[in-house]
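There's a structure below that I have some questions on.
Chain nomenclature is as follows: A, B, C and D, assigned in order of appearance, with residue numbering initiated at 1 for each chain independently.
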Amino acid sequence: MIIHARVESSHLAGNLLGDPSERDLFVYLPPGYEESDRRFPTAYLLHPGGSTAEQLVHPATDGERWLPPIEDVFDPVFGRMGVPPMIVVIPDGNSRWGCGQWLDSPVTGNFEQYVVNDVVAFVDANHRTIPDARSRGVFGFSSGGFGSWNIASRNPDVFCAMAVLSADSFLDMTHKFLLYKYLDSIWPEAPNGPVDGNEWSEIVYDYAACYSPNPERPPFYVDLPVAYPSGELLQEVWDRWLAFDPVVNVHDRLDNLRKLSGILLDAGSNDDYNLHWGHRLLSHHLDEAGIAHEHRENPGNHGGRANERYQMALQWLSQVLDGD
Amino acid sequence: MIIHARVESSHLAGNLLGDPSERDLFVYLPPGYEESDRRFPTAYLLHPGGSTAEQLVHPATDGERWLPPIEDVFDPVFGRMGVPPMIVVIPDGNSRWGCGQWLDSPVTGNFEQYVVNDVVAFVDANHRTIPDARSRGVFGFSSGGFGSWNIASRNPDVFCAMAVLSADSFLDMTHKFLLYKYLDSIWPEAPNGPVDGNEWSEIVYDYAACYSPNPERPPFYVDLPVAYPSGELLQEVWDRWLAFDPVVNVHDRLDNLRKLSGILLDAGSNDDYNLHWGHRLLSHHLDEAGIAHEHRENPGNHGGRANERYQMALQWLSQVLDGD
Amino acid sequence: MIIHARVESSHLAGNLLGDPSERDLFVYLPPGYEESDRRFPTAYLLHPGGSTAEQLVHPATDGERWLPPIEDVFDPVFGRMGVPPMIVVIPDGNSRWGCGQWLDSPVTGNFEQYVVNDVVAFVDANHRTIPDARSRGVFGFSSGGFGSWNIASRNPDVFCAMAVLSADSFLDMTHKFLLYKYLDSIWPEAPNGPVDGNEWSEIVYDYAACYSPNPERPPFYVDLPVAYPSGELLQEVWDRWLAFDPVVNVHDRLDNLRKLSGILLDAGSNDDYNLHWGHRLLSHHLDEAGIAHEHRENPGNHGGRANERYQMALQWLSQVLDGD
Amino acid sequence: MIIHARVESSHLAGNLLGDPSERDLFVYLPPGYEESDRRFPTAYLLHPGGSTAEQLVHPATDGERWLPPIEDVFDPVFGRMGVPPMIVVIPDGNSRWGCGQWLDSPVTGNFEQYVVNDVVAFVDANHRTIPDARSRGVFGFSSGGFGSWNIASRNPDVFCAMAVLSADSFLDMTHKFLLYKYLDSIWPEAPNGPVDGNEWSEIVYDYAACYSPNPERPPFYVDLPVAYPSGELLQEVWDRWLAFDPVVNVHDRLDNLRKLSGILLDAGSNDDYNLHWGHRLLSHHLDEAGIAHEHRENPGNHGGRANERYQMALQWLSQVLDGD
C-alpha cells in the first residue's frame, strides 16, 4: 500500500528556477503494517534524473516498453522473497531541467536539506518508523545512486546505510563528452539555456545548476565548464563539478563513511555510460582507506535491471538496518 | 503460488526430433485458493518461441535487462488490480529448434493434442478448476498468441476464449524475408539444417518443422519453401505455411469462431515484425464475417510490453469466462 | 569532358504531376574525342531514384560522406583502366516524388519513350556516336538498373546491351513491406499523398504513380495496392506493380532478350533491400530460358560500391558494343 | 602515374616489435611530369592508422563500400581542378598493432626520423623535386593528420607547411574512454597484449607503444595509463600520452610554428570521435599565440570525406609551397 502526501519544504523555497517547494511524498507500507502496531526500519528511495516520485508510483503507459508500478516491485520483496518488512519512502527530487541531484544548490533548491530534515521529520511523525539513524537507509539508481552517496556520506547521523546503484561517478571520464555533445547540438549558436526536446542541453544545464550554480548570472544562473566557441575546458568550473564526484570526494569523507553500518555499490557491467568504472574506482578508494563495503556487479546495462536492483537493495538494507 | 509438475504426453511421444515427451507443467494458484474450496476458471498461458515454461517461471538472470518471475506479474492482477481469481496454467511447448508452435506436427510433436487433451485433463484432475469450456481460456504472446489462435479456433469445445497477443500472422508480408536472411547467413553454402548460434537457420527450420514437415526427408524432415541457390519461392510449400496463418485460415473456421465467448486481438502498434498488421487484417476478416471480437492496440514494440499484456489479457479473460 | 544541354520532350509533356518536359542532358566525351573525328559507341547511364542527372555530374557537397563528380569516375575507366573510349549519356529521369522509373506513365511522364526517341535522337544528331543499336548500351543502378532492364528488354532495336546494377526486382519479397511502413508513418491518418520529409510516403506514391497510375483519380492519380485501415493487400493493384518486376516480365520478353548482344546482372551480396535475390532469381529465369547473360556479385551493400560498378559496367559494355 | 620503390631505414631498424625496416614508398608523378624537365614542389601524404601506403594505392576490394585508388583521387586535382602540378609522396608508416603514429618510439620505430631523413633524401635523390623546405609540405588524415602536425611542428627546416586533417587531438576528452572500452573487452581478464580481432586492445597497445613505450617491460614494452582492475587513471603515464597531443604541445612549439609558411586545420563537424573539438581548441591556441593558420570545417563525419579532403589539402598546399 502506498500513501500519498504533499510536503512543503522551506529548503526548496526560493530556488532560482521557481520550481515548487511543495512536493509529492509517497510512503510504501509493507504487507502486515496495518495488522500490527510495531515500528519498522525505513528505506528512502531517491529516483533517477528525468523522473519524478509520481512516475515511479504510476509509470507512464505510452512507451514501447512497460515499467511496472513500483508497488509491484516492492510487494514480492516482502512476500515471495521473504524480506522482513520495511517502510519505503519515495520523495520527489524533480527539477524543471531534470533533477536536483539530491544536493543543495541555490538554483535548483536544497534537496539534501529537504530530504534530511523535512522528509525524514514528516515520515517519522506520520508513520510507525523506528526514528533512528541505525534504522534508516537510503538507496537509488543513477542520479538517485549519486544522491544516496551524497546524502549518506554527509549525514551519517541521519542515514546509517546506503545502496548506491549505477551512480553518476568518475565524471572526468564518463561525463566530459556531454559538454561537447551539447555544443554540437546547438552549433554554431552560442549556449543559451536548455532547449525543449534537446536532451544534451537539458542535462548540461541541469548538472550545471547543481554542480556549478551562479546566482549572479541570470537568466540561467550557471557557470558552464566549457568555453564557446573554442571548446576549452574551464578547469576551475570543471573542478566544481568534480567536487561532487564520489570518486573525488570520497577522500574527504572517510570519517563519515566509517560511521555507516553499510555501504553497497552495485552497477551493471555493461553500463551504457561506463558508470561501472566509477563504481570500481570508488570501491578501490574505499579499500585503500580500509572502509568496509560491498561491491557488486550485475550483467545489466545502465537501466535495464533497475527494478531488480531496487529489490536487491531492499534485501540488503533489511540486513543492515536495525529492525527493532 | 506456483505448483510444478511433470506431465507425460502420448501426443508428444515419437516426435522425429527426439524431444522429450514428458514436460514441465506449472500451475499458478491465485491468492485465496488455499483458503477456499471453490472452483476457479482457468487460463492457459502459451509461452513464446525460443522460451520454455520454466523460463517464464524462473527467468534467466544474466541479461542486460531484467524479466520478473511470472508470479510477480500475476499477483498484482489478482491483488492490486482486483481481478477475480483464476487458475493460470503454463504448459511447456519448447522444441529443440525453438518452439512447437502449439500445433500438431510429426516432426516436432502434436502440441495441440497435448494441450487440449493431456494438459487440460491433468489440470482438471489435480486442481479445483471449473472443468468446462465456458470457464477455460487460452492466451499467449508471439508464437504463444499464434498458438492461442490455433488451439481455440479449432477446439471451441475445450476453450471458449482466446487472447491473441502479437501473434505471428500475415506471414506473406511479415515472414517471407526470413527465408532469404537465412540463405544469406549461410551463403554460398547450401541449406543443411539448423546451425548453433545462427538464429536465422533455427527459426526457418523451426517453422518448417511445424508448417511444412516431411517425415520422408531425413535428417531434418522438412520441406523448405525456398529453392537454393535460385531463391525461387516454392509456392506449394509456402502455401502449406500460409495454411497456418490466422489471416488465411480464419475463413475456414468461422463456425468454430462463432462458438467462442470471446476473442481478443492485441498488438503493439510498433511491432518490430509488423505483426500489428496481421492483427488489423485478422480483425478486418472477423468483421467481414460478423464475428464479435475486441481489437486492441498498445504503444509497444514486439516484446517490450508482453508482461503488461499478460495482465491485461487475464483481466479480459476474467470477464469472459464463466466464474461459477 | 561533360557537355550540358537541355532537351524538350513531347513524351514528357502533359504529365499529370506537372513536371517539366524540358530536361537536362549531360554527355560525357571521352579523352581523345576532340582530337579525333571518329565515331564512338555510346552508353546511356540511367540515374537512381531520388537523384537527378545534375546530381551525378555535380554531387551535393553537404553530406557526411563524399561523392565524386561522375567525370572523376569515368576518366580513370578510359585512362588508367585502358577501356576503349565511349560516349556516356546521362539523361534526367527525376520526378517530383522521386523518379519516373524510366517507364511510361500518364502521371509521371513517358520516360521510356523520352529516352528511346528524344534522347537517342538528340545525342546521335549532336555527337559523333555510332548511331546503331549494336553500338548503343544502357546501364544504371537501383531504379536506374530497373530502368535499364525495362528499356533494353522492350527496345532491343535501339539498345543492344544492358548492365543491370542492383535493380529493383522480386518486388513481392523486397518491396511489399514498404506499403505498411508508409501506413505506419501516417497512422492513424488515412493515405493522403506524399508528405514532405516522409520518405515512406514519397516512395510509395512515386512507385504507384509509375506502376499503378490512375488518371481518373485526382488529386494524386494513383491506385495504392493496400487498403486503409485494414491493411489488406489489393491483389489486382499489386499485380500491376508486379507486371513491371523483371523477375515477372522476363517470361514475356524472351524474344526481345534473345536479340541483345549482352546482358549483365550485378548486385552486392549484402544489398540492404535484398535485391541480390531479385538478381539471382532473374538469372535463374534467364538460365531456364537459355538466354546467355553474365551474373556477377560484389561484396557491396546497396549503394556503397555504385561508382565502382559504373566503372565495371563501362568496361563490360566496351566489350559488348560494336566499336566501329 | 605512381612509382613504387622500397626504402631501407636505419631509423626503423631495431624496433622492438620486430617490424620491417624496409618499407614501401610510392611516388605520384603529376600529369606533365614526363614531358617536362622542370622541378616540382612535393607533398607528403601520411596515411591513417590501420592502413598502409599500399592500401592507399591499391585499396582492398572486398568491402561493402568502395574506395578508389589514390591515383584516381589525385588526377582530377591536377586535371579538372586545375591545380599546378606537384609530386605526392606516400611513405608507409604501418606498425603491426596499427600505426607508428609518425613519431619516434623505441618500440614501434623512429618514424619521424625515417620520414624526415630517409624518405625525403630518397625522394629528392630520385625525382625532380624542388629540394627545399619552402617547397615541401606534409598532409594526412586521422593519425596521418596527427603525424603531419608532429613532423612539421618539429621540423620546420624540412617541411614548411602542413595540412592537418581530422587529426587525433584533445586526447583527454576524445581518447580516455578507449582505455576503459579495452578493459571491458577483456574483463575480467587482466591486460595481456593486443588480441587478434579485438580492436580495442590493438588501438590501446598501439597508442601505448608510441606514446608511453617502455623498453624495460617485455613482452609488450609499454606502460598502460590505466590500472587493472581498479580502473584508476595513472596520471603520469597519461601525461606522457598528452605530451604528444597537439592541443598540449602547441604551447612548446610556437617558435617552430612561426617558421611555417602555412598551417591548415580541417575536420568534419560530425567527427565520430569528436576530433573537430581538438581542431577548434588547437585553432584557439594558435590564435592566442598569434600564429596565422587556416581553420576549416566540412560537413563530414570522421572518414566519409577523407578523399575529398586530400584533394582540398593538395589545392591548399599548391598555394603555400614555393613552385619554383
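We adopt the following convention: contacts are C-beta pairs under 8 Å (C-beta built on N, C-alpha and C of every residue); 3 or more make two chains touch, one makes a residue touch a chain.
Remember, it's a predicted structure, so these values are computed and weren't measured experimentally.
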Inset, instruction - Show which chains lie in contact with chain C and also with chain D. - result: none
Inset, instruction - Indicate the whole-number Å distance between the mean C-alpha point of chain A and the mean C-alpha point of chain D. - result: 45
Inset, instruction - Can you check how far apart chain A and chain B are, centre to centre, with Cα atoms defining each centre and the answer in Å? - result: 42
Inset, instruction - Would you kindly tell me how far, in whole Å, the mean C-alpha position of chain C lies from that of chain A? - result: 58
Legend entry - Residues of chain C touching at least two other chains: 270
Legend entry - Chains grouped in pairs wherever the two touch, ordered by label: A-B, A-D, B-C, C-D
Inset, instruction - Can you check the complex and tell me which residues of chain C touch chain D? - result: 61-66, 68-69, 71-72, 75-76, 79-80, 268, 270, 299-301, 304-308
Inset, instruction - State the interface residues of chain D toward chain A in the complex, per the touch definition above. - result: 170, 172-173, 176-177, 180, 183-184, 187, 229-233, 269-270, 274, 277, 280-281, 283-284
